[in-house]
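Contents: one structure, followed by commentary.
Note that the chains are named A, B, C and D in the order they appear, and that numbering of residues resets to 1 at the start of each chain.
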Amino acid sequence: MATLNMVQAVNLALREEMERDDRVLILGEDVGQDGGVFRVTEGLLDRFGKGRVVDTPLAESAIVGTAIGLSLYGLRPVVEIQFLGFIYAAFDQIFAHAARYRNRSRGRYTCPLVIRAPYGSGIKAPELHEESSEAFFCHMPGIKVVVPSGPHAAKGLLLSAIRDPDPVLFLEPTRLYRLIREEVPEGEYTIPIGKARVARQGDDVTVIAWGSMLERVMKALEPFNAEIIDLLTLSPFDSETVLGSVEKTGRVLIVHEAPRTCGFGAELAATIAEEAMLSLRAPVLRVAGPDVPVPLARLVDYYLPDAARITAAVEELLRY
Amino acid sequence: MATLNMVQAVNLALREEMERDDRVLILGEDVGQDGGVFRVTEGLLDRFGKGRVVDTPLAESAIVGTAIGLSLYGLRPVVEIQFLGFIYAAFDQIFAHAARYRNRSRGRYTCPLVIRAPYGSGIKAPELHEESSEAFFCHMPGIKVVVPSGPHAAKGLLLSAIRDPDPVLFLEPTRLYRLIREEVPEGEYTIPIGKARVARQGDDVTVIAWGSMLERVMKALEPFNAEIIDLLTLSPFDSETVLGSVEKTGRVLIVHEAPRTCGFGAELAATIAEEAMLSLRAPVLRVAGPDVPVPLARLVDYYLPDAARITAAVEELLRY
Amino acid sequence: MPTTILETFSVSRLDILNPEGDCDEELLPPLSKEEIVRLYELLVLSRAFDERALSLQREGRIGTYPSIRGQEAAQVGSAYALQPADWIFPSFRETGVHLTMGYPLASLFQYWAGDERGLVCPEGLNILPVSVSVGTHLLHAVGAAMGARYRNESIVMAAYFGDGATSKGDFHEAFNFAGVYRLPVVFICQNNQWAISVPRGRQTAAQTLAQKALAYGFDGIQVDGNDVFAVYRATRDAVDRARGGGGPTFIECFTYRMSHHTTSDDADRYRSREEVEEWKSKDPILRLERFMEKRGLAGEAARREIGQRTRTAIDEAVRAAERMPPPERRDLYRSVYAECTPRLAQAMEGGGNGDA
Amino acid sequence: MPTTILETFSVSRLDILNPEGDCDEELLPPLSKEEIVRLYELLVLSRAFDERALSLQREGRIGTYPSIRGQEAAQVGSAYALQPADWIFPSFRETGVHLTMGYPLASLFQYWAGDERGLVCPEGLNILPVSVSVGTHLLHAVGAAMGARYRNESIVMAAYFGDGATSKGDFHEAFNFAGVYRLPVVFICQNNQWAISVPRGRQTAAQTLAQKALAYGFDGIQVDGNDVFAVYRATRDAVDRARGGGGPTFIECFTYRMSHHTTSDDADRYRSREEVEEWKSKDPILRLERFMEKRGLAGEAARREIGQRTRTAIDEAVRAAERMPPPERRDLYRSVYAECTPRLAQAMEGGGNGDA
């Protein structure tokens, strides 16, 4: 079995799925000849040709809107938004259309499409290249949101996303792209959308994270007896796994890099406060990015949740 | 003192502020000759002329983007997005630009602009005319979000919004436009952004609402000893008032018409679970729209939170 | 400044049938008598449907409704040039297109009464749900066209929109993509001179809308949108070109919105009655009637019969629509995803802490 | 199809100084010798800055950097036609514009090293922060132009962008608004033939970018973007027109991105070396040098002195930038709003349950 990083794992998933299903097409800026700015689509143009790996003009709304049309027509487009920070121009297409065609037509027309986007901070890139705005898309009925935390999850989840009958936003944490290598099987395996993974079992505190924060949390909390949940799907999220763990530990920390206010941590905390209140022995804490735009390189270390903040929060929880 | 409905109150605020400050301009679709589709800008074109009340082409991104340029130049544009459901095309301009110019330029350039948008359900209008997507904008550092619940608040808050040095989204609940009349003083009064209003004092339970839900909550809960908080500003919200009340009552219900998942209620619940956990005697409940696109007229009564659901939730809380 | 001229362009206009019912024989498309009478019947049906919808709205039996009065030829003429297998991406003011393609009348009434089920397009037709968000659906036509091309299916996409839509960014992006990939799309703009209260001249400083195609490397043409022959001919040519691999075309149908924007609007606030009067004389149905009279097609008796048939169909459709059982509470949740999320399933069962 | 021609249009191109350094005397704009030498110095400074930035990036002293090599004339020539009071809305590849307007060199290095404070434009100039999001800032120029018009201030807005930006919806909406309101904006596109790996021919099917202005009812012109005189002249004319109330102009500077897209890119993956070689012979600086030689302007000694001055200025700027104290943690919070929200204030003080 090959040891791959996340770029390679996503590339493998795309290649295999395109071989298996000729309805799968790729569209995006620089995804063809260039193989994508992170090289995620490298080699696919050569293998599948221009009809299936389509370099587009520079227009995010059009990339998503065209994918909607392709999917209405019965194809399964996988589009790349070069960085999540450029998806906002496609917000209308995603929310007013991709999310609603099924409902609007009572199932007659559907949008089985995937939007892949590199996201997250910590790569010292220019403005808008390090956004973590996943929460917006979790407030969109009709859309699913998936965030792998490593190469193995990336491949299995991407296959599920492409096969999903509904639109899926698939967020790839850029900081992890080449940071982690894992064994990634060739061929068929899927990881179901909507299921979280208990990344480490533990008893004293439940820590919930996703994407690049998972790696931070795992490292930072080695000395603790913490149950660490890798959420994997944010929408619809796996409340069963979350609530089960909270009932066991009675203490919860949520870690995300997006700004705190109205980040996805808010929904997790609210769900816990609504459905597991009686199990709680301590406040539900969030370690999150502050309510500021992601800063440029020289301030970014103050922005991203780090081991010190994560440990401090867990220690605080354990004092209850 | 005149008794006005919300349309008239907003109109009065605009007129007075345009008289007071010649930096204030209005832009939007049909805001001029037609006076706006809800007549909120009626009479302003005649009074202030085409240079200050500008009918625009049909392009929401341009309306907001142009307002950004006007505000960078030192003016104080107040733009109307005809319905909140059409703001998504301007999402990029709002989030990538209006919200960030101050931060990006370390204060050298700023965007003191107001985006007014009719919003909310219950007017039997076509698709996308009844959205309640306020939560998106509360996850945008750099933006403020204000929601009046009646004519008096509308005028006072709009004056504050126009004078605010930062971009403000000002959401006008369409269901209330002509439903409620209140005494609205002519001339100068402002209601500060960032402060909630205790709409009714009470002891047993804290109920938080805003916009058109406030009216529903007030009516539904007459028989209860509930403290009802009219949030007024969602971002930055008045956590002091909220937490103070929760400490007193120990029970919280949040009511909003937006879909439950990642609605603004999530942030309120999360904040309470984080900062007032020890005062809580019951789970933090949300009565919200379900996770579906706002339906058309024939299903809408099933969508919007109503008196039955609000009362049932309060009764549930009181059982703890 | 003396400089090199790199390119020259022109934009033209097609007129065939004038308001008096006279036509340019050379330009007249090859339509049989039956087809011409059929076109007439579709125009009449469109107008009658519209009138009924307006009166149902006044009676509170349907919701807000956008009249198509004056635009019947633009809609019928263009849709008539399409094949049943072609896909249509309408905005919200294309009732005449629906009717021409054979969309069930009852479904249309049902939809305007606020019931999503009216948008379920019958099998065998592909008319996408109306796009309320102006201009945003053009991209879907482009994507579907890319799909047809990829699958080697000779299906053409027709995207309908108004003059106001030409200002939207998505209009631009859709035209640009269609040009770059030379896709089989026909962009059909009903320039009815108004976008609610904003007149065409303040929507863009371009002399015509048709010339906007020049920015994307394909052809645009203006046609008399009240002339069903001109609209039909221009569309048929564009459809043929698209089907033959010749890429997209932009057709500006120069027409007029005779009524208010919708039943919620009051057009007297912003436009003159004289302007409306002037356009009355250009009525698309009247001129076809005159043409038929001159040619001895569909005399009074035939026309009466058409009127009768139309009314019967509409009456039946209204009855059918109003007989349909209302949607159920569970319909609120059912179609958001292929399978309900746990939270939706819980809400559907009435659970979820006060969820509906 | 025989139809009426409604309008004809053309799009032209301006060339003044050719690669050999010969120029069309009639078209040569009225520039003094000093001004010509100044233009030359600005070109040299731009290139030298660029080279230094590239080497600083290689040494890890600044972050990702987009080279302007090859585009110096398009930037210097256009900016030179502006007044200091005019406002500039740059994209991220306009270093030559900044330098021409007198933006502090040290600030530029500071910005590219990842410090927002480098974007604080000094008083007396109005160069807006670079827009990383392609094409979205054109609307801000339009809005500011509306502001200038409203205030009766004769200030012109210059908006800079690339060929890729012409595909964005905001490009369209900005051009349309500028046309409708006839605003004092000059839209300056550096068509450097590439948007990362996408060549101009696949960005749009239009023969030229300049012709896109036709869709909005104003003029577009293509100029040789490697010809500082042509760029200057076209911009000056456009600026004069804008200032005189004549509305917007679109200038397509036909140039070439000689380097990779940015320091993170590898252009060899997608374009041929021959293409790059071919453009080398069209170098904008070389041809001005040849021109000056022929005219006896700025001989070798003068040029050496210019080189020297330039290097000194750059050295000093790098030193100054690197001497600046790093931003503080509190800078993260300070500028989000005029006044910190309670939550931001708490975070700034290190509170807030584990906030930074």
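Throughout what follows, a contact is a pair of C-beta atoms (placed from the backbone, for glycine too) under 8 Å apart; a residue touches a chain by one contact, two chains touch by 3 or more.
Since this is a predicted model, take the numbers as computed values, not measurements.
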From chain B, what is the lowest number of touch steps before chain D is reached?
-> 1
With centres defined as the mean of Cα atoms, the chain at greatest distance from chain C is chain D
Counting in whole Å, what is the centre-to-centre distance of chain A and chain C, each centre being its mean C-alpha position?
-> 40
Hey, how far is the Cα centre of chain B from the one of chain C, in Å?
-> 36
Centre distance in Å when chain C and chain D are each reduced to the mean of their C-alpha atoms | 43
Where in chain B do residues touch two or more other chains at once?
-> 56-57, 59, 61-62, 85, 89, 92, 96, 103-104, 127-128, 141-142, 261, 274-275, 283, 285-286, 291-293
Listing for chain D: what residues touch at least two other chains?
-> 116, 133, 136, 167-170, 173, 176, 180, 202-204, 331, 336, 341, 343, 353
Which word fits how the chains touch one another: line, ring, star, complete or other?
-> complete
If you look only at chain A, which of its residues touch chain B in the complex?
-> 61, 85, 88-89, 91-92, 95-96, 99-100, 103-104, 127-128, 133, 135-136, 138-139, 141-142, 235, 258-259, 261-270, 272-275, 277-278, 280, 282-286, 291-293
Per the touch rule, the chain D residues reaching chain A in their complex are 63-64, 92, 113-116, 132-136, 164-165, 167-170, 195-198, 202-204, 264-265, 269-270, 326-327, 329, 331-333, 336, 341, 343-344, 347, 352-356
Using the touch definition up top, name the residues of chain B that touch chain D in the complex.
-> 25, 51-52, 54, 56-57, 59, 61-62, 64-75, 77, 89, 92-93, 96-97, 101-110, 141-142, 144, 165-166, 194, 236, 239-240, 274-275
Tell me, which parts of chain C touch chain D in their complex?
-> 1-15, 26-27, 167-173, 176, 179-180, 182, 202-208, 210-212, 214-218, 221-222, 233, 237
Interfacial residue positions of chain A with respect to chain D in the complex | 29-30, 32-35, 37, 55-59, 61-62, 85-86, 89, 124-129, 260-261, 283, 285-293, 295-300, 302-303, 305, 309-310, 312-313, 316
